[in-house]
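Common to both upcoming complexes is chain A, partnered first by chain B, then by chain C.
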Partner chain A sequence: MISNLINRKLITLFKVQYSNMLEYRVEIALWAISGIIPFFMLNIWTNNNLNESINISDVMLSRYFLCAFFVRQFSVVWVVFSFEEDSLMGKVSPYLIQPLNPFFRYFAQHIAEQITRFPFALIIAFFFFIFNPESIWIPNLGILLLSIVSTFLSFLIQFLIQSIVACLCFWTEKASSIERLLFIPTLFLSGLLAPVVSFPAYVKSWIYLTPFPYLIDFPANLLSGNETNISGGLSMQILWIFVLFPLFKKIWSEGTKKYTAMGS
Partner chain B sequence: MNLRKYLEVYNKFLHTSLASELEYKTNILIDLITAILSLIGSIFLLSIFFQNNGYIGGWKFEQALIIQAIYTILNGITNTWFNPNLTEIVKHIREGTLDFVLLKPIDSQFFISLKKINPSGILEIILGFFLLFFCIKINQINLNLSFLTLSLITISCSICILYSLWFFISTTTIWFVKTWNAIEVLRSFLYIGRFPLNSFSFSLRVFFSIFIPITFITTIPSEVFLGLSQVWKILLEVFVATVFLVTSRKFWLFALKFYSSASS
Partner chain C sequence: MVQNIIDVRNLSKSFDISSKEPGLKGTIKHFFNRKTKSLKVIKDISFEIKEGEIVGFLGANGAGKTTILKMLCGLIYPSEGSILVSGHLPFRRKGNFLKNITLIMGQKQQLIWDLPPIESFYLNASIYDLDKFEAKKRIKKLSEMLEIDEELFIPVRKLSLGQRMKSELLAALIHEPNILFLDEPTLGLDINAQRNLRKFLKKYNKDTNATICLTSHYMKDITSLCERVICVHEGRISYDGKLNLLLKKLSPVKEILIVCRSEKDATRLESSGFTVKNKIKNEITLKIENNSITSSLKTILNNFDIEDLFINEPPIDEIIGKVLIKKDYDI
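Let's look at the complex of A and B:
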């Protein structure tokens, strides 16, 4: 009964958000284009033969960066920016009255945006293959499913982290600057700009204990067929979700008690 | 053009926007930490590239650091002036408040380009200068008058180009209303400016010299610092900067003809 209700609510939310997102196709296309930094990095790597030192062939490296691009496309999270705006404008108040946690609304927004984004990401990949025809490959179905799961888990980790940051809006109003701070390690340590295997040993010794390599490096390695520890990576992702979820619930319940309905 | 009046007005702008930004003191601190981390991150990335190679695109590590320094300074300038002001244009146009700007007895481009200031960007500029002085020391660059004038000229030209690019995209808001994401695309392209242009493949080099002149923004000033730059390159940069400034001005005046205010 309860799960049925949640399902119905969620599906309605998804439908509403999907048609909403379809309105902004051009913006989403532009957003997809803004994610092409991994390709520039690939260009530096292969153009200077830097990959020889880390024992990855040109083809494998280009597949890695293509997958990094894909994983990034489907794990972009901006919940803190939406929530900050809603909270400053006082829009959170009506959401709080509804018998559904407002974060479900943002969650549906993100999923709907990813579905809208999918064709654009495919087009970019298509152009990538035109320029790099030798890197075309077809991952087997099992690997494909596993990497979709791990990309989704990566999205969930980032969504939870950002939701925790977003809840800080209840205390500080401008939580997005904290998010920008957290984005820096995500950018440099997640494997978006350079695969984690290429990192110096003094970083590699501790980085696998942090959530960062599981955000992009792990799913991208999995999908591109580079060497990676599949069960280890997936269990670390799940572990981080189990750590972050209770934290989010705690900060949410504390924060809603603090809420003062600004702007209304 | 009454220069004195404009200076006075700018003084007032500075006063009001500083007063409002200093309301969020912890934010400024967080932004400073973000800027420092981001610089550490990019030096870390650069060190990965140079791990097993002495040269990248003909640049040594110490020389490539100059590019980082100049990028950091320019990024600081972007964050101090361009980003807060030009994202405001989007708001002005969406809410129709551009009417009030146009009615003021002052140049509209001056008003919308310099109204706001974000003090945390200034800290980034200072950070960039520290790195630049450090680079001058480790590269044993002789400071003399002609060198100083040349570097000042090239850096001011870079600032002009950068400003024009930002202003150009923000101006398109008059037609497209939502251009947040176009700005994101520009940002991701500008990211390339952190690396020497020669480290990219030929086609990308052409793209980044002709379509989006990122070469002119960071690489040419850095070459001046190293004493590698030819006179024609500097002259070309001055020319490109002038063309960009004049075009962006013309484009703004042209676009204003199409401005039809909001909800009217």
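Let's look at the complex of A and C:
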């Protein structure tokens, strides 16, 4: 019963946010294009034959970076910036006195934006295959489904991390500065610039204890067909969600007590 | 007997405020050694509000009236004291409580900017667990009351302020709350839009017996809607009671302009024992206490040759202005 009500609320939220996102289709196309860092990295790797040092073929490497691009497209999160602005301008106040946590609105916004992004990401992939026809492959259905699940879990982890940081707005007002601290490890340790397998062994062992490699590296390896520990990766993603979710709930409940409803 | 729907006891609220000296030196000092102090903005206030009452909160800017509303609706956490609204502790923000209240802040919007208001209405309806049929019925009813129709299908960004405010009201009332917290609801609206909004609120209160807590700097909002006012001065309640009693107390006399048939009559009236404000030729302005208006006018009309007379009510803004700067009114 309760889950039905939540689902109805969420479905309406998705529909409304999707309509809203369609108003911004040009911006979303540009955001999709702006996410092509993995293709630059692919160029650097292949031009310098760096893949030989980690025993990955050119084809597998290009598939990896294409998948990294896709995973990134569907796991990019900006909730900290939206929440910070809404919180400082008092826009979050009307949402706080509604019987739905305001983060559901941001969550729906992200999902709606991902759906809007999807066709643009497909077009970019189409052009990628035109220039790299040897990289064309069709993943089997099971792997494809697991990759979608893994990408969604990656999105959830990033959403929870940023939501926790966003809640720091209740104390510091400029929580996005803290998010910038996380940007560097996310960039280097997530697999966006280089597959995590390319790091030295002792560094790798530490990296795998953090949530970062499960954001892009694991789902991208899974989808591209590179060798990866599927059950281990998925378990770690779920574990991080179980760690982060209660932390978010706690910080949210403490933070709202500090809310001063500035700007309203 | 009408029950109390809001019960506030010894409520206080403090905010941590950091201050900075001007100039570069002050900025550097502020960067390395930030000093914050606790500022008590609401100081030990108590009051009750009965179901169906419309209560106006009056006070100068920064007096604390908006902070009180924010605590009543559960938006901010009280530092001390207790609040019970409809049997709930507001700051816990339980679903049953939130479904009973609404908060409308003038110039602050919850409608989605790029979409027509109707989309936000259906979204709110689902947030408040209304099915589509019920939502449609309520949107129709409220849009008729608010006299909006085509505007429902135009993107919010293209609506005028008045149309937007009406849409905001509809979005905030779709769940038919029992308690309305209105913070400057007519801010920025033109005179007609203000009048329509007041008319709507009066009707909503009459039809649903909803309790309304209202802050406004427009005295017309207060005088036409509120029988009772709570005056807030520097975080304390300086007056809590009937508005007409306050007005009588603060303005015990009326000014009466009398036009006599001749200057001689005016001179005779001037020396007849009434308090005279001024006299110009055959026109004389008297100050007469409210409780003796009838008898005084009878005496004047019987004994003097009067051509015309005008009773001037003192401007209400002026009277309320006195309240805002005084600490206590014992009536």
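Basically, the second predicted complex is superposed on the first by the 264 of 264 C-alpha atoms of A that agree within 3 Å, B and C clash if a C-alpha of one lies under 4 Å from a C-alpha of the other, contacts with A are read in each partner's own complex, and residues count from 1 in each chain.
The rule is simple: a contact is a pair of C-beta atoms (placed from the backbone, for glycine too) under 8 Å apart; a residue touches a chain by one contact, two chains touch by 3 or more.
Owing to the predicted nature of the structure, the values given are computational and were not obtained by experimental measurement.
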Practice task
Check whether A:Lys257 is in contact with chain B, with chain C, with both or with neither, and answer first, second, both or neither.
Solution key: second
Exercise for the section: Check the residue A:Leu96 against both partner chains and state whether it touches chain B (first), chain C (second), both, or neither. Expected result: second
Exercise for the section: Scan A:Leu193 for contacts with chain B and chain C and give back first, second, both or neither. Expected result: first
Practice task
Decide which partner touches more residues of chain A, taking chain B and chain C as the two options.
Solution key: B
Problem - Which of chain B and chain C A:Ser57 touches, first, second, both or neither - result: neither
Practice task
For A:Ile36, decide between first (touching chain B), second (touching chain C), both and neither.
Solution key: first
Exercise for the section: Check the residue A:Glu23 against both partner chains and state whether it touches chain B (first), chain C (second), both, or neither. Expected result: second
Exercise for the section: Kindly classify A:Lys9 by the partners it touches after superposition: chain B alone (first), chain C alone (second), both, or neither? Expected result: second
Completion exercise
Residues on chain A touched by both chain B and chain C 24
Exercise for the section: Over in the complex, which chain A residues touch chain B? Could you list them? Expected result: 24, 26-28, 30-31, 33-37, 40, 43-44, 47-50, 52-53, 172-174, 177-178, 180-181, 184-185, 187-188, 193-194, 198-200, 203
Fill in the blank from the handout: Residue positions on chain C within touch of chain A in the complex are 15, 70, 73-77, 91, 93, 95, 98-99, 101-103, 105, 108-110, 112, 114-115, 119-120, 122-124, 126-129, 172, 183
Fill in the blank from the handout: Note: in the complex, chain A contacts chain C through residues 5, 8-9, 12-13, 16, 19-20, 23-24, 90-91, 93-100, 256-261, 264
Practice task
Would you tell me which residues of chain B are touching chain A in their complex?
Solution key: 24, 26-27, 30-31, 33-34, 37-38, 41-42, 44-45, 47-49, 51-53, 56-57, 176, 178, 180-182, 184-185, 187-188, 191-192, 195, 199-201, 204
